[in-house]
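One structure is given below, represented as structure tokens, and several questions about it will come after.
Labels run A, B, C and D following the written order; every chain starts at residue 1.
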Amino acid sequence: MDANVKAAPGTQDAAVEAKRQEFYGRIGHQNLTPLWLSLAELVTPEPRSACRPASWRFDEIRAAMMEAGTLITAKEAERRVLVLENPGLRGQSRITTSLYAGVQLVLPGEVAPAHRHSQTALRFVLEGGGAYTAVNGERTIMQEGDFIITPPMAWHDHGNESDRPIFWLDGLDVPLVQFLDASFAEHLDQDEQPVTRPLGDSDARYGANLLPVDHKAGGGSSPVFNYPYARTRDALERMRRAEAWDPCHGLKMRYTNPITGNHAMATMGTFIQLLPKGFSTAAYRSTDATIFVPMEGQGRSFIGDDFVVDWGKRDVFVVPSWKKVRHEAAEESVLFSFSDRPVQEALHLWREDRGNA
Amino acid sequence: MDANVKAAPGTQDAAVEAKRQEFYGRIGHQNLTPLWLSLAELVTPEPRSACRPASWRFDEIRAAMMEAGTLITAKEAERRVLVLENPGLRGQSRITTSLYAGVQLVLPGEVAPAHRHSQTALRFVLEGGGAYTAVNGERTIMQEGDFIITPPMAWHDHGNESDRPIFWLDGLDVPLVQFLDASFAEHLDQDEQPVTRPLGDSDARYGANLLPVDHKAGGGSSPVFNYPYARTRDALERMRRAEAWDPCHGLKMRYTNPITGNHAMATMGTFIQLLPKGFSTAAYRSTDATIFVPMEGQGRSFIGDDFVVDWGKRDVFVVPSWKKVRHEAAEESVLFSFSDRPVQEALHLWREDRGNA
Amino acid sequence: MDANVKAAPGTQDAAVEAKRQEFYGRIGHQNLTPLWLSLAELVTPEPRSACRPASWRFDEIRAAMMEAGTLITAKEAERRVLVLENPGLRGQSRITTSLYAGVQLVLPGEVAPAHRHSQTALRFVLEGGGAYTAVNGERTIMQEGDFIITPPMAWHDHGNESDRPIFWLDGLDVPLVQFLDASFAEHLDQDEQPVTRPLGDSDARYGANLLPVDHKAGGGSSPVFNYPYARTRDALERMRRAEAWDPCHGLKMRYTNPITGNHAMATMGTFIQLLPKGFSTAAYRSTDATIFVPMEGQGRSFIGDDFVVDWGKRDVFVVPSWKKVRHEAAEESVLFSFSDRPVQEALHLWREDRGNA
Amino acid sequence: MDANVKAAPGTQDAAVEAKRQEFYGRIGHQNLTPLWLSLAELVTPEPRSACRPASWRFDEIRAAMMEAGTLITAKEAERRVLVLENPGLRGQSRITTSLYAGVQLVLPGEVAPAHRHSQTALRFVLEGGGAYTAVNGERTIMQEGDFIITPPMAWHDHGNESDRPIFWLDGLDVPLVQFLDASFAEHLDQDEQPVTRPLGDSDARYGANLLPVDHKAGGGSSPVFNYPYARTRDALERMRRAEAWDPCHGLKMRYTNPITGNHAMATMGTFIQLLPKGFSTAAYRSTDATIFVPMEGQGRSFIGDDFVVDWGKRDVFVVPSWKKVRHEAAEESVLFSFSDRPVQEALHLWREDRGNA
């Protein structure tokens, strides 16, 4: 046992113990409880979480999703999503303690109707292409590997006008907003919001290192709401020529909000990383439990003391807070990932241990 | 029922329903669950929390504390604290969904030994005076009404060298740090940390609108760690001469970090407000559940639809997220309060409704 | 005369005046002078500057530059530049009170040797293409309309490996740095700095809304040091479909530093604006004297009470502080411009008057 | 000569030189000049300024001021001030390249009438007490050693209701605002502005580490506009017990804006420093030319290569940019100082050399 963990104080004296127990029972009626019995659980020497390492194979998720597609329509479901539940947090619709993830399917011709909510959502397109997400009057076309944001309280709907099913990963801060008791949501009285701005407008306006001359900085989400994989992948490719490789991360970048240089969203950090064929990372651990989604390649990751996952394209796996992790890339691999790191950074709680993990 | 709340989709067709149920059961083994059954609970039209309005009378807390003083020493308990548990959150050591509060007693001659942790703590002195809190090698003397900070990972201990018991309210971000899986703690191998800086050093250094010439901005907590009540009260008194009274808040100030102008702590906001005799506030609601502690005066508050609390000096009461509240001051009153507002502001989630509450 | 301008106090009484004059002479030896004689000149009701409206035709600048090319080499000159001197500020190497501008020519095969200085420089390519600017070990290829930054204290050199002369506009904060007595400069002991990073590295690293995962915000200049015209022009084109046109500015964007969302440089703001054919702007005035360079189209601008300039591609004209200006575009036009606006914004001095100019 | 200083390129060939000269003359008519003749003067290896070390004895200033008091009234003069002109910058009303300083006298019963301007002003009270400065409807009483701000565009007037003359040092950013062509000024149609807020209101509101609950950060000047010497001196006294003494600065603090933690004003930095009896500082140099005003003690300072000043209480001396300086305190001394450091910091130009000065 960690030397820093103190046991709750006890006593050998049965009479004293009896008096204490009687006292505890009595003050319980006043909504009072003794801290000394729970202190060691509340303030732990290191993060100690119910969240467990976990993984999902995309082909299994896909099969379940296609079956779901025969059992319920996107419109009936509002969002036809299978939630990836952390095995340590069953029944709570969480993939980590603070975050939610699910896989969404929109079949050709379907629409996931317009609503808005104070939760921030990210989409990472796993398979298919040509569907759209509309945000605040502007549509963006979704292609494999694209990372798309629906900011808090922004009207959004999704539609599939292509001839193939589209699958994407949804990541939301649902548990966080629930924890802060700050959930607000509304439904639009029509399935699709009116389109008022041309395709690519946000990207033109905010994605070329230009800003409207009198622009004032606003909320926490990036006004660029689609980070296309083609551009991201090209940036990784050009960087690899100069990059000194990070022993723990390979070549790892975070998606940014060009208005602030900060994370693309206030509550979730998103990352893309390149691991060359044969690259084995050093182990590290950090306080932000992280969801990984390989988008190219295949490899193996070692999480904590005894969890090993062999992953390929579109699979999903989870590294809990403060569990050490290292990756081995059998093929050149690109991994998308996300976590609550911006929250922890804003609150000065984020910590990383690259040394003696 | 709120028109915005959609029921989970169901079906009248028993055969379809049976197939769905079979499907749900099967995918459960893959740690997958259908979002459409839980969406309405996860993304609610308005905050919907287990946290309830609640109140504690100081004389009752005091009596229980004095009894606790006979049952366990400060040293044995590490911290002799009775936790104020929200009646809607029993067994969780929380006063609101995200915050912890307790009342601590240190008897004359006792020491609460030195430790440190990633949780931020505030102390608000309820009764007694002349004890000290030591933070990072500097002691400060605690007097009634003083608001004292122990920043994250700062060594701290408390001792009572006066001849009276001292009682204070502890507020910590324990549930938040637990939720983010970011708890770290250590114990010092001696009860009291060495004193390396004179009394009043931080206040001299940071409390006179002066900063060391090469000071760089640092973490999220104010380097001023004692906000004496005498100074705070005097400021309120001088301001009242010019102030236009806020209908919802009377004269309400937030404690600040003079290095940044932001809240005094990164995770908890602290406030002091003056309500003149006979002042009745307008109702408002906000998303930060708030703990109130009157330090002068007496009055009555109306919380949500049916909770009424008659309060006096040193009592404690809780207003949950998005419950409307209004206060009536029978005597001139001063209320200390705290909440997770800085967290919600940093994440762009905080919302207030002063209009049609 | 403006009612707000007070004349210096005088007196009709010759004896008093004589005593005053004697006094002024005497204290002059102590390096003292009476404020009341100069106050009205020092603190004026409105900006009152020696800077005058001015313009230069590119064909005339070009002819002079080509002649200079026969009189001195780039290497001998260190920088073969003709300074555009404001006619109100002759002999001071300034185009406005706070800024310097010149036109630089590098002939095929020439190198402008490596140096560095605390002054920030911008380049706006007027004619030619295929030359390079190297900054901190990375080269970028310069094309017409590109806006390129050489940040303070960054080693930089220019070379022309194409078969055509290249001309660009240099904008520097030379007068500002001189005014603040903060000039530092060094010469490298070789003409060209070693190339250590591949072409396009900075753009890949910082131009795709991605940042290295552990990047810390740094100095005031954008790490993106080439803003290619092709990308900028495309962004304007896509935006015009949605844009509500600003009466004073048409469609005007500022170049940004993607790390901060602020201006691309700390001391100079840079802007690009589109005026459709036939567009006539409303008059406005602002405190940042501005240098305009049309890169497409032709038109006419009216500056102050009586200055009119007919401009075409690559011409240069200056609008002094607080002089009203309006533009008429005879053809669809794109104007690059720059000013000291970031300085004035940082110091809370910038002011714009769009109303009653 | 510094190896980094390159001479302007010349030629031995008289015919070439003649052609060049003819060329220079001809292009001069087009407002063009060759950079290569002036580059070495514009971009210098180190700051090279006309600003010179200088000093003024208070008793001499005082005598001149008292004589001025017999020659002109405060009202007639608008501000009865003798400007301290740097001997290297005569005729320019500057004490350094970017800053203005003067000494103001208000006799008992006089009023310096209300005006406002975009220039920021600081007052440092040299002798006398009991006069007031009014800013935005609030008066503050001025005592010896107090540092008082009149923010940009804030109405302000001064009056002396005591029975002694009051002398203070005025520091303004007049040259800077002039350089940026951003001067605005207005006169009120009455001598004294109406008093709408009680004495001490700003200090109560912003000086106790409290802010109004809904306060939004605003302009660049501190809302605390009087930093009383009594409080400042007490802070120095308490700090000295713990302080490790800085070899170059003794115990040096900067005045701060409690809303931001930044300098108290956007354009001028203000500092207070304590040198114990017998303390000799190490030499340093920095790019912000600085005006020093000892308020207690006496000593000697060595500036640049050959300037020595023996100073006592209320004297004024100037250290130009990048001139090394060191101080010797014959008695325990307190020095107030100010410079344009915030401007240089905001523009990333400030530099200090503590090592090999």
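Assume contacts are C-beta pairs under 8 Å (C-beta built on N, C-alpha and C of every residue); 3 or more make two chains touch, one makes a residue touch a chain.
Here is each chain with its UniProt name: A, B, C, D = Gentisate 1,2-dioxygenase.
None of the values given here were measured: they were computed from a predicted structure.
Counting hops only between chains that touch, subunit A (Gentisate 1,2-dioxygenase) reaches subunit D (Gentisate 1,2-dioxygenase) in a minimum of 2. Here subunit C (Gentisate 1,2-dioxygenase) and subunit D (Gentisate 1,2-dioxygenase) face each other with the same set of residues for the most part; over half of the interface numbers are shared between them.
Computed from the mean C-alpha positions, the centre of subunit A (Gentisate 1,2-dioxygenase) lies at a distance of 44 Å from the centre of subunit C (Gentisate 1,2-dioxygenase). The mean-CA centres of subunit A (Gentisate 1,2-dioxygenase) and subunit B (Gentisate 1,2-dioxygenase) are about 28 angstrom from one another, to the nearest whole unit. Per-chain Cα centroids separate subunit B (Gentisate 1,2-dioxygenase) from subunit C (Gentisate 1,2-dioxygenase) by 52 Å. Annotation, chain-chain contacts: A-B, A-C, B-D, C-D (touch as defined at the top). Interface residues of subunit D (Gentisate 1,2-dioxygenase), counted against subunit C (Gentisate 1,2-dioxygenase) in their complex, comprise 4, 6, 9, 16, 19-20, 23, 27, 30-36, 38-39, 42-49, 51, 54, 56, 60-61, 64, 67-68, 71-72, 76-87, 90, 93, 96-98, 100, 102, 117-119, 152, 174-187, 219-221, 266-267, 287, 289, 320-322, 340, 343-344, 346-351.
Listing the residues of subunit A (Gentisate 1,2-dioxygenase) that touch subunit C (Gentisate 1,2-dioxygenase) in their complex gives 197-198, 200-201, 203-205, 207-213, 215, 217, 222, 224, 227, 231-232, 234-239, 241-242, 246, 249, 252-261, 264, 271-273.
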